[in-house]
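Here it is, the structure in full.
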Amino acid sequence: MFVHNKRLQYTVRVAEPNPALAAMLLEQFGGPDGELAAAMRYFTQGLSEEDPGRKDMLIDIATEELSHLEVIGSIIAMLNKGVKGDLAEGSLAEAEMFMALNAGGESHTHSLLYGGGPALINSAGVPWSAAYVDSRGERTADLRSNLAAESRAKIIYERLINITDDPGIKEALGFLMTREVAHQKSFEKALYSIEDNFPPGKLPGVERYANMYVNTSQGEGDMTGPWNDGEQWVRVDDLTEVMPSDDGDGSASVTLRASDTKNLAQLAARTASDPSSDPLTGVDLGAGPGSGRTTEKDFGGAKDVQDAKRQAAELTPPVK
Amino acid sequence: MFVHNKRLQYTVRVAEPNPALAAMLLEQFGGPDGELAAAMRYFTQGLSEEDPGRKDMLIDIATEELSHLEVIGSIIAMLNKGVKGDLAEGSLAEAEMFMALNAGGESHTHSLLYGGGPALINSAGVPWSAAYVDSRGERTADLRSNLAAESRAKIIYERLINITDDPGIKEALGFLMTREVAHQKSFEKALYSIEDNFPPGKLPGVERYANMYVNTSQGEGDMTGPWNDGEQWVRVDDLTEVMPSDDGDGSASVTLRASDTKNLAQLAARTASDPSSDPLTGVDLGAGPGSGRTTEKDFGGAKDVQDAKRQAAELTPPVK
Amino acid sequence: MFVHNKRLQYTVRVAEPNPALAAMLLEQFGGPDGELAAAMRYFTQGLSEEDPGRKDMLIDIATEELSHLEVIGSIIAMLNKGVKGDLAEGSLAEAEMFMALNAGGESHTHSLLYGGGPALINSAGVPWSAAYVDSRGERTADLRSNLAAESRAKIIYERLINITDDPGIKEALGFLMTREVAHQKSFEKALYSIEDNFPPGKLPGVERYANMYVNTSQGEGDMTGPWNDGEQWVRVDDLTEVMPSDDGDGSASVTLRASDTKNLAQLAARTASDPSSDPLTGVDLGAGPGSGRTTEKDFGGAKDVQDAKRQAAELTPPVK
Amino acid sequence: MFVHNKRLQYTVRVAEPNPALAAMLLEQFGGPDGELAAAMRYFTQGLSEEDPGRKDMLIDIATEELSHLEVIGSIIAMLNKGVKGDLAEGSLAEAEMFMALNAGGESHTHSLLYGGGPALINSAGVPWSAAYVDSRGERTADLRSNLAAESRAKIIYERLINITDDPGIKEALGFLMTREVAHQKSFEKALYSIEDNFPPGKLPGVERYANMYVNTSQGEGDMTGPWNDGEQWVRVDDLTEVMPSDDGDGSASVTLRASDTKNLAQLAARTASDPSSDPLTGVDLGAGPGSGRTTEKDFGGAKDVQDAKRQAAELTPPVK
Amino acid sequence: MFVHNKRLQYTVRVAEPNPALAAMLLEQFGGPDGELAAAMRYFTQGLSEEDPGRKDMLIDIATEELSHLEVIGSIIAMLNKGVKGDLAEGSLAEAEMFMALNAGGESHTHSLLYGGGPALINSAGVPWSAAYVDSRGERTADLRSNLAAESRAKIIYERLINITDDPGIKEALGFLMTREVAHQKSFEKALYSIEDNFPPGKLPGVERYANMYVNTSQGEGDMTGPWNDGEQWVRVDDLTEVMPSDDGDGSASVTLRASDTKNLAQLAARTASDPSSDPLTGVDLGAGPGSGRTTEKDFGGAKDVQDAKRQAAELTPPVK
Amino acid sequence: MFVHNKRLQYTVRVAEPNPALAAMLLEQFGGPDGELAAAMRYFTQGLSEEDPGRKDMLIDIATEELSHLEVIGSIIAMLNKGVKGDLAEGSLAEAEMFMALNAGGESHTHSLLYGGGPALINSAGVPWSAAYVDSRGERTADLRSNLAAESRAKIIYERLINITDDPGIKEALGFLMTREVAHQKSFEKALYSIEDNFPPGKLPGVERYANMYVNTSQGEGDMTGPWNDGEQWVRVDDLTEVMPSDDGDGSASVTLRASDTKNLAQLAARTASDPSSDPLTGVDLGAGPGSGRTTEKDFGGAKDVQDAKRQAAELTPPVK
């Protein structure tokens, strides 16, 4: 059961209202890496956790994230106090109010709809979605998702710290950012104290595909590193070797019932695009007197790609 | 530039059509951990990568994931060949068609809308959303997101392998599952070959908050482990210590302009809920002759919580 | 700051696992009227509330809703314990597992993706969205939204109670349902203790439109009642009176700059659909030998609507 | 059946184009409280209504809301006439066009995608979603949702009126705002003319929980009022009384089959996080020479929370 | 199987960074008519295509669209290189960084969350959704969807070309725009080389409804043209003819079981809104001393619509 | 202004309740090609149309689509009458109610949330989204979108007709399907009566790219047809010709300010993945005693791809 104490986990001291900054801070209130996402991620995992230690940790951290949601939401509420009053009391002339709302960021649209209250949207106004929560019920995967989520949240806080010089906000964001670092450390400990945590789940992989690196992107810029080279890896540079990777012919097949075969033949015949036709089309009907309206001006009258390439050989190369 | 070869990366051999299974496989086609999510995650990272080795790796793997999207999509297309023909040709009597579509899973709804084609939806019919892609443009965070994503994808493949005994599908899924394992290994190598990869980003954390563990959830079941205990941690069990964690009073404040203060006072006065009133409400108007309609039957006539607890003491405890 | 106690607000005693029932209960975990929606609705309002009494009440109830989220989530976790183990350990043969997942409801798709953990989705698998939270920062509107939300939540619990005979679940759902009733009563008291709460906001309405009822839907079934008839209402049955309701001609106009006028004239000319033409169209190209393929069979060869109506006069009327 | 008359319900006279204002007005075209939401809310309720008087009223008001959608859409179309022509005819130099689109609000992005036409998005560009429609098929709940929706719509119109001094727009918005007031009055009459309308639905609540107020948020700022105090309420301040509220021990339990129990034990063992370990983690590998990079500078070298609090006692308190 | 070559399909030469322009270009990266939508539309169709020629064409074009996604993404990445470095290195003072992010468009919010990387969102920050992909598995419909999609994409590129004078970007966008034109031509050829492509599908329409045009919107502005007039059409101006269009009475009916009838009667009685009542409502309780607060000032004291119209007759008509 | 007549455009005669069928029909009520999408598509276009003939046509058809929304919604309401009564009155025993809701399709989840009323969701429960409406404000594109939309809607109706043998529903769906055919004809006439309608918009394409067909997908199955072959096309089979298509080197470049260059160099150095390292990774820490757990069993002990291929040569090829 949750209980609330009216004191915040970190004191919020805002120097002055600033709705444009508030709009950006929404990223950590209702954004994909924000505190609601964090709280719900750990809370849903905790509810179905079988391991008592992890269950305790997940609920501990989920609860703390709710307190962080309160801290960041309180900062936003303070930053919006001015615009909230203006909107509610209609205290500005219309043109002034219009300009105030257009002063920067997305504050106009958020204030209009939410009246200056902190809303569970990101800084672009997109409502928070539980699709941000990627718990899958397998803990060696979920713990990796958690440490990745903490890393992302740390970065967003870092960016926010870099755009405000209000010392009270900066300090509070510093607290929140650091707590993400601490939580990541906890999740790493919980992951690596599982004896056999890789690969996630129970099924083993198939040996000959587990160490294969397929160099699918080739050309100038091809590189090697420990991620695709060395004793650990079988690197495939000749891609025909993996077309397909197995012993088949790389096609897709299914065994059909006779009735299915008949249906599909009928469907194919009924809707065949005759390759030997040259039909009049809607485009032919529609192209006006200019007949498809293309222009040659940009490329000096080249008639086709090869021709254009010859012409282009004389041009100065771009600065890179 | 992308190029396509008509052979698949893995041969697809499906024993017989099965749209209900196809509906489940959609999880890895248009689901949050599916191949489109994987391909787009690495592709968008690769486009803005400054490190040449990682850029190469990200595009390599993105391209391979597109080939996996093709493999899983081809399996789904094969599984749906029967229903596709039936729908297109109207070859079944209505009642038969209705029953066929209601035979299991979500195949009915997917076939109805998509005609048996593989659609970029998950197994519940929710369209794929780029909100699944959590690239943030900071690579020590993004690489962690990538290895978490590979872990999740591995698990979903494992679950799918466990629900089909079609050997051709099982084998292809085994290939796809194992490639996720290999990709995770690559991302781990890329992450740990960054000399200083923790915490992500550039800003250091604040020391005294980086090692604090707040035991926010207390009661029977409190546990210790390396994630909250030991030399590394300052564990806070007395929560009043962190209400707040800083030197303030745990309140939220902002310095307002005089006009804001006046507006807010006016707003507060205009909309005050008078605590000393006892107003007639809509509920009072609406409660019918039964006056709010509550019942005592479930709890033996207890008048309040304390009374009910006394009564309950005699009941047999539930099996846990 | 939030704190958590490991005991639930209501004891959860589930008789036996039932993932299909769990899938339905998700409606109150991650559905639009579920406990997360309730908690976030009141929490976001509380953060920006100026009235001290309402602020206290909003946070009190928000916190309790989080505890309800925990109760309903715990029921779901218990109902899914069986399928969770099966999925994780791969303990069933494939065909059995496939059948188990297809046994009813949407449990298959939820288990596949979430592994049996409670997920923030509704019973159809749609992720929770903050678009469900309709706080607008004006409390006479927000309190009405709150009492409506409690009413909706009460109904969903009532429907869930009516589909399960597990006594432990029924009892817990009864508790949760009743708490919504109590919360609605609180919100009503808070609303009506605002002296002047209608209409919401500060701007008065325009008198002559405030009591007008426009009878826009006419024909058999037109009714009167206190909502459109009586001293309070000016009822408009002759709709030409409100085409328009004001003193104008019911058209839309704007004063344009000369350059805009010129642009728009040019645009109109360039893209005019010539009403005197009778162009060949894509449809004409595409209609095959059957020439548009229509059939007369359903309507006895009537050539047009009037003719068909004459023919139809002989048919037996449908049972209503 | 719907019929349309080319005259608007209210004459639209716009003084001059203003795409930034148009972008804000979208809130009532494609936003959550806009006219499409209103029309669809009442229309879907009307289709399944059993009570003839309410059915008539719901369709009357739904139809009028469609006419309002037309009025607000026409205002937006007029405000965008200039930018529409510029975009279509390419009549401005590129830099001018770029600046015009960046002149304020979100008009740039809306014009780019929708070409100046009114789009069913809110002022932040989020597409309208039927998730905004909260009809539940139980009329005492639905009517409360309706009156809340009218209240919200009234407020958004009020805010829009306060940001424009175009008299024609202001007047039309005043009409639309007032109609929401009138509609709310109709819905209230329809609700309270149901004899027994509280609580919604048919199932009674459980008596001892229907009057309980749980004071879950405690500390400075705790308040009483008619919503939590007085004869009607049993107020719980000692929260241990409701941990749990029932007669149990506040735990969650389920009776499992033996095979489930075995699976879960195996799962728990296989994935146990060993609490007595102190594993090397990814974080340990990744922390560079700076070893976790924290800084003491912000807090004067305090080693932990208690120490920092002592130091902090000397600092000046913030202005509140 | 997909393969990647490190050279782009079109060389990208960007004159200087410009995140506000980058934000707009996102429309063609992660917007509804962007390159991902195009690629996925044709790819999903290709996977389930039975006609060999179309299958080849669909995969050809899908693959090219992926290469376009790479081109447009690379332009965005170049335009964001400056802000990416600033964000990552924290190289600007806070106020400068804040101003840089607020310099125009939506760049602030995108950079904050995505760090300057190209993200799969549209220019308003809305994540790409597979709901944009409207493949239905019937090729005469799908090919029409494809040619429409190419038309839309062409227009968005045209608008983007009109807002930038960077010659390298302009040229690359010209290439991409023209390729949409070429693709539309291919799809038209494929459609019209199906002998019988209209109407889509197999079922014929009902003759008497296939040529009927219902003039549902009447009044000043009623027009005729080849779309509603001429030999081909039976035009219905007297709408009572189509209320209903069939031989029935235009009502909705169903044959119910006795138990259903009884339930519905009970439901109707239990929740009847008594039309003869005049209940006190929440609105009556809530209207403060101002009693509903309306004003007459805007309309010169008219008491009702008719009266106001009389008064209005003297006013000057608006400029149209 | 919209007006409503209580008679439907087509009489609805439903033989008996069937909530599973109702769930499928939702596709045309709240699905992507359903009647709301159609109505809103044409309505939003009509509001900003400059051509008087098209404006009239768009509003005519939009209005008729609203009447179709009413017809399909009424069918759904009739099909759900039984379950609505059961849910509201709680007239079945719990187990019966549970089974009734699990009888097929998605009816269970829809009834639970919407109480049997028609909801603006598709047959999978996904809420209608205005993202389905692809109006772009350029009419030669929009008209093509409209004719594609009508084609898609025709197909969905055809599929629905094929799954029900209720004659009243079949007949009403036949009417609705045929009206889509008629509407497509109108839109085609409006499109082709624009003299110069291709390519859409005003900017001409670049000649040498307008007729190029890039054969990006090669291998067995390569085909020619009028869409890629013949006088009209310059077909590119040697893909190096279009790497890039222009005169450049196929790279992406931008001219940076010195400060940007410095930042990026610093960023690259700080986060370089050292290609010459071979770091210990999280995976190395995590792989349990089984060391990565792969298995050879599926592929007979092959050590790598080449080896496996040799072994596989002996196996029987799959049936295709």
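By letter and in written order, the chains are A, B, C, D, E and F; residue numbering begins at 1 in each of them.
Quick note on the criterion: a residue touches a chain if its C-beta (ideal position, glycine included) is under 8 Å from a C-beta of that chain, and two chains touch if they have at least 3 such contacts.
Just so you know, these numbers come straight off a predicted model, no measurement behind them.
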Seminar exercise, completed: Ranking C-D and C-F by C-beta pairs in contact puts on top C-D
For this session: Scan C-E, A-B or A-D for the interface that duplicates D-E, counting it as a duplicate when over half of the contact pairs agree by residue number.
Result: A-D
Problem set entry | From chain D, the most remote chain by mean C-alpha position | F
For this session: Compute the distance, rounded to whole Å, between the mean C-alpha positions of chain B and chain D.
Result: 21
Seminar exercise, completed: Separation of the C-alpha centres, chain E versus chain F, in whole Å, is 12
For this session: Between chain B and chain E, tell me the centre distance in angstrom, where each centre is the average of that chain's C-alpha atoms.
Result: 27
Exercise. If you look at chain B, which of its residues touch at least two other chains?
Worked result: 1-9, 11, 13, 32, 53, 59-60, 63-64, 67, 74, 77, 84, 87-90, 106, 113, 115, 121, 124-127, 129, 131, 136, 138, 140, 147, 155-156, 158, 162, 171, 174, 178, 181, 184-185, 189-199, 201-203, 205-206, 210, 212, 216-217, 221-227, 239, 242-251, 253, 255, 264, 267, 273-275, 277-283, 285, 292, 294, 298, 318
For this session: For this assembly, give the contact graph shape among line, ring, star, complete and other.
Result: complete
Seminar exercise, completed: Counting only contacts in the complex, chain F reaches chain B at residues 20-21, 23-24, 27, 31-32, 104-106, 122-126, 155-156, 158-160, 162-165, 216-222, 239, 242-244, 250, 264, 267-268, 270-275, 277-284, 292, 294, 298, 318-319
Exercise. Within the complex, which stretch of chain C touches chain D?
Worked result: 5-17, 32-33, 52-53, 55-57, 59-61, 63-64, 67, 74-75, 77-79, 81-82, 84-86, 88-89, 91, 126, 129, 131-132, 134, 136, 138, 140-141, 144-145, 147-149, 151-152, 154-156, 158, 161-162, 171, 174-175, 177-179, 181-182, 184-187, 189-190, 193, 198-203, 205-206, 209-217, 221-228, 232, 239, 242-257, 259-260, 263-264, 266-267
Exercise. In their shared complex, at which residues does chain B touch chain D?
Worked result: 140, 191-192, 194-199, 204-208, 210, 212, 223-227, 230, 234, 236, 241-242, 245-249, 251, 253, 255, 273-279, 282-283, 285-290, 292-296, 298-299, 302-309, 311-313, 315, 317-320
For this session: Name, in rising order, each residue of chain B that touches chain F in their complex.
Result: 1-7, 11, 13, 50-51, 53-54, 87, 90, 92-95, 97-98, 101-102, 106, 108-110, 112-113, 115, 121, 124-127, 139-140, 147, 168, 171, 174, 178, 181, 184-185, 188-197, 202
Problem set entry | chain B residues within the chain E interface of the complex | 1-9, 30, 36, 40, 43-45, 47-48, 59-60, 62-64, 66-67, 69-70, 73-74, 76-77, 80, 84, 87-90, 113-121, 127-131, 133, 135-138, 201-203, 279-282, 285
